[in-house]
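Here the chain labels run A, B and C in written order, and each chain numbers its own residues starting at 1.
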Amino acid sequence: MKKFNFPLTPKKIASKLDCITDFTNKVTLDNVAELHKANEHSVCFFENPKFLDILKKTKAGLIFVPKNFDKNLKPNTNLLLIDKPYIHFMMLVRTWLNLDLPKMKRSVEDSANIAKSASLGKNIIIGSNCDIGENVNIGDETIIESNCVIKYDVQIGKNCHIHPNTTIYEDCVLKNNIIIHASCVIGADGFGYLFHNGIHNKIPQVGNVIIEDDVEIGANSAVDRATLGSTIIGKGTKIDNLVQVGHNCKIDENSILCAQTGLAGSTIIGKTVYLAGQVGVAGHLKIDDGAMIGAQSGVTNDIPKGAKYFGSPAIEAGLQKKIMVSEKYLPEVVKEYRKRQKAKDKK
Amino acid sequence: MKKFNFPLTPKKIASKLDCITDFTNKVTLDNVAELHKANEHSVCFFENPKFLDILKKTKAGLIFVPKNFDKNLKPNTNLLLIDKPYIHFMMLVRTWLNLDLPKMKRSVEDSANIAKSASLGKNIIIGSNCDIGENVNIGDETIIESNCVIKYDVQIGKNCHIHPNTTIYEDCVLKNNIIIHASCVIGADGFGYLFHNGIHNKIPQVGNVIIEDDVEIGANSAVDRATLGSTIIGKGTKIDNLVQVGHNCKIDENSILCAQTGLAGSTIIGKTVYLAGQVGVAGHLKIDDGAMIGAQSGVTNDIPKGAKYFGSPAIEAGLQKKIMVSEKYLPEVVKEYRKRQKAKDKK
Amino acid sequence: MKKFNFPLTPKKIASKLDCITDFTNKVTLDNVAELHKANEHSVCFFENPKFLDILKKTKAGLIFVPKNFDKNLKPNTNLLLIDKPYIHFMMLVRTWLNLDLPKMKRSVEDSANIAKSASLGKNIIIGSNCDIGENVNIGDETIIESNCVIKYDVQIGKNCHIHPNTTIYEDCVLKNNIIIHASCVIGADGFGYLFHNGIHNKIPQVGNVIIEDDVEIGANSAVDRATLGSTIIGKGTKIDNLVQVGHNCKIDENSILCAQTGLAGSTIIGKTVYLAGQVGVAGHLKIDDGAMIGAQSGVTNDIPKGAKYFGSPAIEAGLQKKIMVSEKYLPEVVKEYRKRQKAKDKK
């Protein structure tokens, strides 16, 4: 259950949505909840028929239901009949969060260590014990939560939200409306060495990371700086937790990298590419626009536009599925083969 | 070698255990060590016969050995003959750690930033530069080490130990006797978007995480908050390092998640389930009680009670082993097949 | 583009390298850049013929080119003809970084919380909000950046660089010239429990971690302390981001662990071993000197010296490749087999 400070009525909610309403009770609504946890002040949604029994028992004060819902199944209840109840419910949550009183004060905490040469925008938050280096620029409305470290010469745009304990290395550029979750590391050195005389000699990593507008990066992820030039995360791309992006990778717009996926160095990811969880992509490859890679796949070759690949090494998904279905027969096939070979050997 | 401030004698150690003792030398014991690193003040254990040569040379002041140990193999040495020497040795270590003088002062550091509305239990430790948000509750005896960030409305029970640089997002609930290792992130946003008009629209994540009693979570792991409702880690479950638990997962009691394992959203894990290292589990699945999943497996279907599965995609372990054994014959089988096909084509 | 404060001339650069020079223009150089981003003050390198068109257009002030480069391809340009342009370019970058004015002041920040019993070397940096525990030793020239937590009794040698938000648990030993990237966790408890009466009983973890000279560890990696004794990372070994090293592992000199690789407990890795990305190694194994393990492999057996293995489970690379090539025929082979079986059944 998520409680809000700013209460709403069923009418107010309905007024914001183009929908059929059937309000039988006057209630004040102050939270969103799952059906089985709801109280009389809760807003809920119902979409999946398998939860009908739970719907019948819920005390919720307002329920978003599909347009074709049979109202007799839940009499004496405030119902809001609407296309795609889940989506509209989530839109309400978003609106409500914005209406709600902010939980964080717009202020720069005294305990933050801010270099004199840093430039701070309007209406920002810098949490306690942050360390903001020389020549850092922070845009208006940006939130940097407690215990973040932003090294020198970093540029952060407007309306970003950096969660606690995140580190951003020198020279990196974050544009606008970016969310970085806790303990991320942006701009650590790429993993590059020259093996000479039995020793790995460190290749200096003097590039940076550029993160375009509207990117979100999950907790504990790492995006390495380029050796030279920039590692780039394109506009609108979303990255989950514990993801590794190697040095000099370029990810284009609106791609998805699910949790624990890793990209080796210098790989190029197109637009609206989908990499499922725990995928690994070798270095210097290109995954073209719209490609989809199944979970735990290991990509070792370029992937064409719109292709679906999976497996380790990843191959075209249709063929991979056929192979996987066939594998259960492999022990019998081999048994028969060996019998045949033995028979031959005897001759 | 682990040195303790509180010294013990062989007699005192023996008095706590039901065992046969043979103490030939008076010694003061102040550390536990491996056999090859031991000095005359060390307590050691010996169980594996392959280390007999090392045993013969060790200077240890007291050695836990099996009940049937031939004392002539290590004359003039304090021996403690006991069932399961390793387990009893480890029980001694635990006892000794408790007897030892604590290394951390029970205090709340001045540099911690604690909201006025936070409520602090008795005998707690809050390390330097922690940030404790509004309405946070911290139970008696709990330790929160330096540089942790606990956001608003978090509840933490009694006798918990949160290691440094950990972040806990708003609304999360940690019950009692919980250990969270360094740089964990509890309650970051679940990875949820609606793709509409070519853009990934963020689904607000307004649920929380509930961690039940006696859970331990390893370093750099991430447990995401639920979209609505709660992501739940059940009583006594142990989670290793760099593990990802997606939004709305429910893990029941006493399960084990080894390092780098990842659960996608809304998956249900039963009681005493064992997930080995680097396992991936797709979303909305159920792994039933007592199931065991081999390392690097990719779980794409529900797993029945007590079943053993492995592979990617994971199948029943017996069949998977047969397939793996058969695979080495595959190149020959295919060669023979292609020869046959060519012969056919010629006809 | 990486800009330096300390400018250089082509002559000065050439004087440090044994090379043929052809300097047609007097320029001041103050940055290194990629060819397509270069300005007249940039130093660049050219090695790969596929970038010839970019070379022709670049405005770079000085370009490292191969000895056999045809100067007519880039007239009126300062060229430095040299063996291995990339390697020498990178050596220049390293030299230049050292010449450059340091960006971090040699100082111990007031907001750092340093125990009285800690011992600090000469010319060190301790960033804001660090917490340095009792009896910690920090060697000369070492840098500990902001918001790190170093627990009690830790030893850190000379000329180390610990990046922000890193945690080092008690008793760990870091020798000299070590780089640890942001949010690493060194010395958290190993993952060890005894299952007894339906409960996982924690085995106390009283060993430590020893990191030898010249090791580098990437962002968000975790190296667990030994149960007893030491987890050891050998001299010159390089570890990438998000890597897990389990308790009691011993890694020898100059090995490479790529991103997201995980070692279970007590595994031994030899000298100059190469583990590619997302490799998993089971516990209590030995990977001998010079072995190479392909990406996403799952190692379940000891690996002999110099061997190349891959796959999950990992087998000898030559055989694995043959199997992988054969797999695409598997659906046909199985189809033919089943047809044959049906024909048999009918008889």
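What we mean here is this: a residue touches a chain if its C-beta (ideal position, glycine included) is under 8 Å from a C-beta of that chain, and two chains touch if they have at least 3 such contacts.
Here the structure is a predicted model, which means the values were calculated and not measured.
Chain A maps onto chain B through a rotation of 120°, based on Cα atoms and reported in steps of 5. Of all residue numbers that take part in the contact between chain B and chain C, under half occur on both sides, making this a different-residue interface.
Computed centre separation for the pair chain B/chain C is 26 angstrom, with centres defined by C-alpha atoms. Residue positions of chain B touching 2 or more other chains: 111, 129, 147, 165, 183, 220, 242, 260, 278, 296, 312, 327, 330, 333. Looking at the complex, you find that chain B touches chain A at residues 111, 113, 129, 131, 134, 147, 149, 151-152, 165-167, 169-171, 183, 185, 188-189, 191, 193-194, 198-200, 202-204, 206-207, 220-222, 224, 228-229, 242, 244, 246, 260, 262, 264, 278, 280, 282, 296, 298, 300, 312-313, 315, 319, 322-323, 325-327, 329-330, 332-333, 336.
In the complex of the two chains, the chain B residues touching chain C come out as 1-2, 32-34, 37, 87, 90, 93-94, 97, 103, 109, 111, 127-129, 145-147, 163-165, 179, 181-183, 214, 216, 218-220, 236, 238, 240-242, 254, 256, 258-260, 272, 277-278, 295-296, 312, 324, 327-328, 330-331, 333-334, 337-338.
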